[in-house]
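Next, two complexes with chain A in common: one pairs it with chain B, the other with chain C.
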Partner chain A sequence: MQFFGGSAAAEASPAPAAPPGTATGLAGNNANVLYVFNRNGVCLLYREWHRPLRTLDAAQDHKLMFGLLFSLRSFTAKMDPTSVEKGNLGVPLLPGQGCSFHSFRTNTYKLSFMESPSGIKLILVTHPKTSDLREALRYIYNLYVEYVVKNPLYVPGTPIKSELFNTNLDQYVKTLI
Partner chain B sequence: MGREVAESCLDGVMIEMVSAYCTRFYATKPELAARRIEAIGYQVGHQLSERYTMERPRFTDHLEAIKFICKDFWSELFKKQIDNLKTNHRGTFVLQDNHFRWLTRISIDPTPESTEASSNDPSVTAENKASQTTNMHLCFPCGIIRGALSNLGIPCAVTADISNLPACSFVVRIKA
Partner chain C sequence: MAAIYSLFIISKSGGLIFYKDYGSAGRMDTNDSLRLASLWHSMHAISQQLSPTVGCTGIELLQADSFDLHCFQSLTGTKFFVVCEPGTQHMESLLKVIYELYTDYVLKNPFYEMEMPIRCELFDLNLSQAIQKDRVALLGR
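Let's look at the complex of A and B:
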C-alpha cells in the first residue's frame, strides 16, 4: 500500500553508519527522547527510550522544552544576517517565517527540531554523533499524518494515544543511526 | 477513462460522515445514525455494481454473484480480493478481509494507567466508545455490499464483525 507519496524516497535511505563505539549504552533504540507539540504548546506526545536523569516533573519539562524552542526560533530569525526585514524581538513567529533552526549539539546529546506548516513541532534527542536527522523527522511526521490525523478515533488537540503510531514509531527509531 | 481522486480525500469524507451522523444529526439515536449511513452505502453499492457488471453476462446463481463481489468488485474498490469466503450452503456467507483498507488506521487507545483502584469504568467506557465508532464506520461497507447484491437481484442483510483489527468479516444473509 502506498502511504508515503512525495517523500517515499526519503524513507528508504538511512543515514550512513555511525563509527563503532558511539551507540554503546543505547542498546536497542537509537534515540533518547521524542516530543511532539502542537501550535498551542500542548504536548501531544512524549516518548522516552533512554533517559537516565530527570530533573523536573513532566508538565514543567514540557513547558521548558516548548519555551526553549519558541525562544530559539525567534532568536535565530532575528540574528539572521541574510534576511532583510527585522521585526521586534518579542513578536511570535508564524511557522514559515524566518530562517528555520534544525538542531543543536552538546557533548552529551544532539537535539533535532522540525516544524510543520501546521505548527506541529517535532523534537528528537539523540546521541551526539548522529548525522542530520531532517529526513528522519520528516518520516516521523508522515507517520503522524497516517496514523494519528487519519485515525477516526483521534480528537485533534488532545494527547496521542494510538497503538499503531507508537508501534511504528518504535520500529522506526530502532533503525536510526 | 476513469477519473481519480486522492485516497486521503476519501478517508477524510468517510471520517466526517460518520462523525457528523453520530454526533450532530442523530446524537441521541445511534441506531438511526447507523441505518442512515448504511442507506448511503446502499445507494453507492447499487451504482457501483451497475458500472462493474456492464460487460458481464447474468449470474447463474447466488454463489456466482457472491464470488463476483469477493473478486472483481472488491478489487475494483480496494485493490485486493476477499481473503476468505465461507458458506453454510443455506444462504449465509461470511466474507473475510484480513486487512480491510478503511480500518487500517483505526487504533484503539492502550489502557491508560490509572492510579485509583476503582477506575475500571473509564477505560471500559473508552473502549466501548471506540468499538462503537468503529462499528459505525463499518455500516458504510455493509451498505455497499447490500446495495451491490440487491442490484444483482439478491435481497439480503449484511452485518460486520470486528473481532481482530484490521481483519474484518462481513456476514451476508440472503432472504429466501
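Let's look at the complex of A and C:
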C-alpha cells in the first residue's frame, strides 16, 4: 500500500495561500466532527461543529471510536479478497499493513478515515452525501504537520491546543462539499 | 465487468447463517467467516452509537482499498452484505433481490428453523441465477 504520492502531497501543502473556496461565503455546513488519534489511541484532538446527538460522555465516545476503527481495520485486512496471505483476525496491524479502508457511510453520516505512516489517525465525520474526502484529510494532515508538529512547544502525545491550527482547520472545513 | 467476491447473511443475533464465495483469492475457512460475521454485526451496532444525528441505522457502504462492502439490514434485523470490486453499481438493488429470494425460499420453507444456517436448494439455485444476471448487468433498472 502506498501512503502518499509525492506530487499530491506537495499540492496539498497548506503553506502560503488559502485553499480554494475559502471566504467565498458559499461555505458548506457539511462537517460534523473531527477526531485525531495517535498510535496509542490517545485522542489528540476532538473538534465538533455540528453534533445534535450525544449518547456517551466524551472519554467513552473517543474510546468507542478508536475501538471501531481498530476492529474495522482488522476486518478489512481479513476480508481483503485480492490477497492470499491475510494473517489472523484481531492481530494488531502496523500502519499501512494489510488492506485498509478510507470511508464508510450510514444513512445519517459518512466517516472518512486516514492513517499516516506514523500511526496518526484522522477521522472526519460529515454529511452522508459528501464526496470523496481523501484529499481533504491529507490537507488536514498537512495542517497538523505545519501547525502542530512544527511547533517547538508541542509535546508529542499530548492534546493539541494550538489556536492557529484550530482556526485554519475551521476555515478549511467550511469549504468542504 | 465488475465482480462480486462474496455474500454473507447474518441473523438478527449476529450468527452467520449463509456464506458463499464467488472467487476471492485465498478462500476463508469456516471459523474466519463466522468471526467476520459477528465482528460486522457488532461494528454495525457501534456505528449507530457514534452517529452525530438521530435515526442512524448502521453502515450501508464500507469502502476499503481493494473492495466495497454493501450492507442491507431488513426490518427484522437480518443483515445481508456483498463484498464486490470498488465502484460496482446496482448493489443495493441486488441486495433487495436477494432479500426477496430469502423471504420466498427460506422463510416460507416449513422445514427452515429461524437463526439456523440456510440449507435450501431452491434458494441456492435462484441466488446463483440472480448473481449471474447481475454479472451481465441486467440489474440496471
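The criterion applied here is as follows: the second predicted complex is superposed on the first by the 148 of 177 C-alpha atoms of A that agree within 3 Å, B and C clash if a C-alpha of one lies under 4 Å from a C-alpha of the other, contacts with A are read in each partner's own complex, and residues count from 1 in each chain.
Following the convention adopted for this analysis, contacts are C-beta pairs under 8 Å (C-beta built on N, C-alpha and C of every residue); 3 or more make two chains touch, one makes a residue touch a chain.
This structure is a prediction, so every number in the text was calculated from the model and none was measured.
Annotation for the three-chain superposition on chain A: chain B and chain C fit side by side. Contact with chain C, but none with chain B, is seen for A:Leu64 once the two complexes are overlaid on the shared chain.
Of the two partner chains placed by superposition, only chain C is touched by A:Cys99; chain B is not.
When both complexes are overlaid on chain A, the residue A:Pro52 reaches chain C alone and has no touch with chain B. By the document's definition of touching, of the two partners only chain C reaches A:Thr108; chain B does not.
Here chain B and chain C are compared by how many residues of chain A each touches, and C touches more. Minimum Cα-Cα distance between chain B and chain C in the superposed model: 24 Å.
Note: residues 1 of chain A belong to the chain B contact set and to the chain C contact set alike, using the contact criterion stated above. Chain A meets chain C in the complex at residues 1, 32-33, 48, 50-53, 55-56, 61, 64-65, 67-68, 71-72, 74-76, 78-86, 89, 99-109, 111, 125. For chain C in complex with chain A, the touching residues are 5-6, 24-26, 28, 32, 35-36, 39-40, 42-43, 46-67, 69, 83. Across the complex, chain A meets chain B through its residues 1, 146-147, 150-153, 161-166.
Residue ranges on chain B touching chain A, taken from their complex, read 8, 11-12, 14-15, 18-19, 101, 104-110, 112, 130, 133-134, 137.
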